[in-house]
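Look at the two complexes coming up: subunit A is in both, with subunit B in one and subunit C in the other.
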Partner chain A sequence: MSLVIRDITKRFGGLVAVDGVNLEVQRGEIFSVIGPNGAGKTSLFNVLTGVYRPDCGTITWEGRRISRLAPESIARRGVARTFQNIRLFGAMTVFENVLVAQHSHASYSYLDAMFRTRRFHRQEHRIARKVMDLLDYFGFAEKAEELARNLPYGDQRRLEIARALALEPRLLLLDEPAAGMNPKETDVLRDFIRTIRDDFSLTILLIEHHMNMVMSLSDRVAVLDYGRKIAEGQPAEIRRNPAVIEAYLGASAIGAVTTDA
Partner chain B sequence: MDGALLEILPSIILEGLLVGSVYAMIALGYTMVYGVLGLINFAHSEVFMIGAVTGVEVFRYLSPHIENPFTLLVVAIVTAGFVSGATAVTIERLAYRPLRRRGYTNRLVPLITAIGISFFLQDLVRLIEGLWHGEFYMNYPSHAELEHTLVLPLDMTLQVKGLITIVVTLLMLAGLWFLVKRTRLGKAIRAVAQDATTASLMGVNPDSIIARTFFIGGFLGGVAGVLFGVLYTQVNPFCGFIPGIKAFTAAVLGGIGSIPGAMIGGVILGQLETLGGFYLPFFTNGAVGTEYKDVFGFVILVLLLLCRPQGIFGKAQKDKV
Partner chain C sequence: MNRASVQSFLYPLLTLASVGLLWIFPDTTILLVPVLGILFAGTLIRLHRWSRWSSMAFVLLIGIPVAGLENSFLFELFIQIGIYAALALGLNIVVGMAGLLDLGYAAFFAIGAYTWAIFGSPQANQFIEGGHFPLPGWPYFYLFMALAVITAALVGVLIGLPALRLRGDYLAIVTLGLGEVVRVLANNLDHPVNITNGPKGISPVERPPVDWILAITDRLGLTLQTNHAVALFFYGLVLVVMLAIVLINRRLDRSRFGRAWVAIREDEIAARSMGIPLLRTKVLAFATGAAFSGVMGAIFSAKQLFVSPESFTLLQSITILAMVILGGMGSIQGALLGAAAVTLLNIEVLKSLSEGLNHLRQTGFVLDLGFIKYNFANLSSQLEPAKYERMIFGLIMVLMMIFRPAGLIPETRHKLELEARRKGKAS
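Here is the complex of A and B:
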């Protein structure tokens, strides 16, 4: 198991956003977390990445405990994410957005930087080349000097993924990457997620509402409702699970989902 | 306007540039901290004052050992920069960071803390100087080389120390510009200023970036303190207040959070004050004297801000989603 989430609970006052969730994700897997709005999916991501401190439970990643670490320490251990609402550094260029994340891999000191040592130049050169490679991969090479906030919406979504990959992560958390996309764009994104999983040898944890995409992309799916995990399994099992259908559409709609997806 | 008044105009503008560059350097400290924390660090005027006092001490203790006043001035500037930078980092570490950790939601809490620190530092310096030298009103010693007057074209005159002030300011601003735009630290500072949470998720440690920002702002404040002391000679534990308030105003005028804004704001305020101070008595036949220069400067500022509340380089506030 490469990611193990044990009994994670996160409360906000009286509200239990994440309630004793257990998950195990294997290396190389695409694992989706679905559930109605407010089910605690993004809260779970925030706990995973250190933005929230869990009230109880532990998270281990590659055999090391990461719960209660600061976000930047978790990020440096190879866990990267994107956001439901785009959170690029809007006033920085495309290049700089990716560079900020890539810089966590620089190991020169302030003295190196101040005296422009060979070590500094060598590393800066290597980092800049890596950033350009990544921008090339995403087709951003021509837009490197544009401000992130001036990019079209779809490009901003992809730039978030590029920036996350600059951390050279082994685990990538995608929070509704297909939000606001039409079915055609969603299909392109689905293939793209598979491609980056293979090209960058990633384990991917995905939050998504587009059921077609979730069902065709995921190796396994977990369903959250009111902060609790109500089901887990392969897409075909989830699709037939009555508890899931009820959580999504209410009891009366049983049968409706099975034909849809 | 009669000819004599017009003839002296270039000199007045030069004088305004001098005052303005000191304001600009202090204003940078306010604007940078505001940029990363959204906090008005009112204790920054004391960081400036500590720089000025450190400068006096360097002159006092090193004068017998260092003959050349220019070397002495450089040593004073560098020492004051580091002392003020360290002071700013200490304030951040002992006062603002614990508050931040506790997750205050009320912005008045750090603001009141800042004012408290301000009073504390004023009295601390008064105490130290009182115990050390038996008095806390200090003077920068005068050096003929620094006071030497240069005659420039257009009948402008400038003392050597004024020239040094302008050169040092330009060097500092260029250095800061390079740092923020071109270096890894600068990019991290900008990332934290835009969105600290996201920056941390990209592997940037916001606390360490915030501390470094305080250091840079404090360093500039300390350098400004020495230049201020050398220009106006008199320094005391309370001398930070007025320049501090003016620099804060300059930062708001330029658009708080904006680095070029702080520079331009400082220079504009310096110009308004000097021009007002010199020409008001002439235009009002002596009814309004030079002592109203601050009033004049601030009235213009109020008018400017009425037209453009976000400041010259500021962006209109948008709600975050």
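Here is the complex of A and C:
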């Protein structure tokens, strides 16, 4: 098991956003977390990446506990993410946005930067070249000098993924990467996610609302409702699970959907 | 001939013309404004390298010193600008780049100033036995410049570690308070042990010797008065330190540390999720800004011969902040321009305006435009622009926020750097 989530609970005052969730994700898997709005998916991501501290439970990644670590420490252990509401560094260029994620892959000191030592030049060159390669891979080479905030929406979404990959992660968390995309763009994105999984040998945890995409892309799916995991399994099983249908469409719809299917 | 070539040709001519004017009328201090204006323009327009650097070197190494020896107030003005420029650059890292609103920045300036003032004057005899003080200017002043950097940076870390856990308005209030703490300490540490001499301040502070300048000018066949040599010395010192700070600032800006600062300003959570250690990066920004301020504090105390808590008030911090905002948050040229503009406005432009109006009043000048007729003799003696400094200042800030919220020279993320990298050449 690559990522193990045990009994994670996160409360905000009286609201239990994540309620005793258990998940196990295997290396190289594309694992989706779905659920109605407010089900606690993004909260779970925030707990995973250290933005929130869980009230109880543990998370282990590659055999080491990462729960209760600061976000930057979790990032350094190879866990990268994108955000549901895009969080790029708007006033920085596309190139710099991706370069920031290489921060921990350079080790030159403050004095190296001040005196422009050989160490500085060597490492800056190395990370700049890696970033340029990544921008080429994403087709951003021409836009490298544009400010991130001036990019069209779709490009901003993809730049977030590029930036996350520049961290050289082994686990990538994608929070609604297809939000605001039309069906055609969603199809392109689906193929793209599979490609990066293979090219960068990633384990991917995905939050998504586009059901077609989730069902055709995921190896396994977990369903959250009111912070609790109500189902887990392969896409085909999830599609038929009455609890899931109830959560999504309300109890009255069960008959209709099952007879329809 | 392309545009850059034409400009490269015209720029030195303009520089020469502005410097020439200053040389012909060295007592007309306001003529420093076009000289500095053209100097700044040179950093912004496209010029060939030779044109830019030779013109700037000419202004700074020949133009201003020659005029300054005629009218030493020019030196004074430039030294003030240089000191404020360094302060603005330091605060620019904290507020402009890292986005940490610091309202107590003058505290680090005070720490630098007191570091030298206490030991470079008889003051230290009050609490260290043996009458070793004042320490002589050579070599101790230079040693204490370095010491001021270290002390200010250390205090920056000490204040930063607790304060920088806060954000936004909370951080502003806490830094405001801590800034006042430093000033109040300086004001009250005259008992039980007299360290700072309280509100009376410390005087006289030793200056580094300038015999060597006199020796050099003698050999060149120039006779220089000592006070001119001192002014020339501080001019040179401030210039060197300021340029060093600009260089360091630029280099940090274009390193993983500078990028981390801007990333944190843009989005803290995203920056952390990309592996940037939050507190360490913020404290680094705070300490760097403090260090710049500290070194200029030491120079300031030696130049003034006198240090008292009066120089390090909240108003001082706010003036420096205004320079950063006016110039353009996050931009190095902006901080320099902001410092020059505010300093000139404060100690030269408004004063000239007051003098001009006074002159018109006394001579009874009558303005007659046909539809409006006004006798300046009737002008109230209350109307003196120099007295309205803060009001005019506030007005300028308001207008800036409306029409140019990003400052006179907004931050630009460097583009050429990438080109240079592609060609495999480090910038």
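Assume the second predicted complex is superposed on the first by the 254 of 261 C-alpha atoms of A that agree within 3 Å, B and C clash if a C-alpha of one lies under 4 Å from a C-alpha of the other, contacts with A are read in each partner's own complex, and residues count from 1 in each chain.
The definition used in the following text is that contacts are C-beta pairs under 8 Å (C-beta built on N, C-alpha and C of every residue); 3 or more make two chains touch, one makes a residue touch a chain.
Since the model is a prediction, treat every value here as computed from it, not as a measurement.
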Check your understanding: Is A:85 touching the first partner subunit B, the second partner subunit C, both, or neither of them?
Key -> first
Check your understanding: If you stack the two complexes on chain A, which partner ends up touching A:16: first (subunit B), second (subunit C), both, or neither?
Key -> neither
Exercise for review: Give the label of whichever partner, subunit B or subunit C, reaches more residues of subunit A.
Suggested key: C
Check your understanding: First (subunit B), second (subunit C), both or neither: which does A:147 touch?
Key -> second
Practice item. Could you say whether A:106 touches subunit B, subunit C, both of them, or neither, answering first, second, both or neither? Key: both
Practice item. Applying the touch criterion given at the start, work out whether A:4 contacts subunit B, subunit C, both or neither, answering first, second, both or neither. Key: neither
Review point. Given the touch rule stated above, what does A:121 touch, subunit B (first), subunit C (second), both, or neither?
Key: second
**Study point:** Where subunit A meets both subunit C and subunit B, residue numbers
**Key:** 49-51, 70-72, 75-76, 80-81, 83, 87, 89-92, 96, 99-101, 103-104, 106, 110, 113, 163, 166-167
Check your understanding: In their shared complex, at which residues does subunit C touch subunit A?
Key -> 248, 251-252, 255-257, 259-260, 262-263, 265-267, 269-278, 284, 330, 411, 413, 415, 418, 421-422, 426
Check your understanding: Touching subunit B in the complex: which residues of subunit A?
Key -> 49-51, 70-72, 75-76, 80-81, 83, 85, 87, 89-92, 96, 99-101, 103-104, 106, 110, 113, 163, 166-167
Review point. Which residues of subunit B touch subunit A in the complex?
Key: 183-185, 187-188, 190-191, 194-195, 197-206, 321
Point to revise | Complex contacts: residues of subunit A adjacent to subunit C | key: 49-51, 70-72, 75-76, 80-81, 83, 87-93, 95-96, 99-104, 106, 108, 110, 113-114, 116, 120-121, 124-125, 127-128, 132, 144-145, 147, 163-164, 166-167
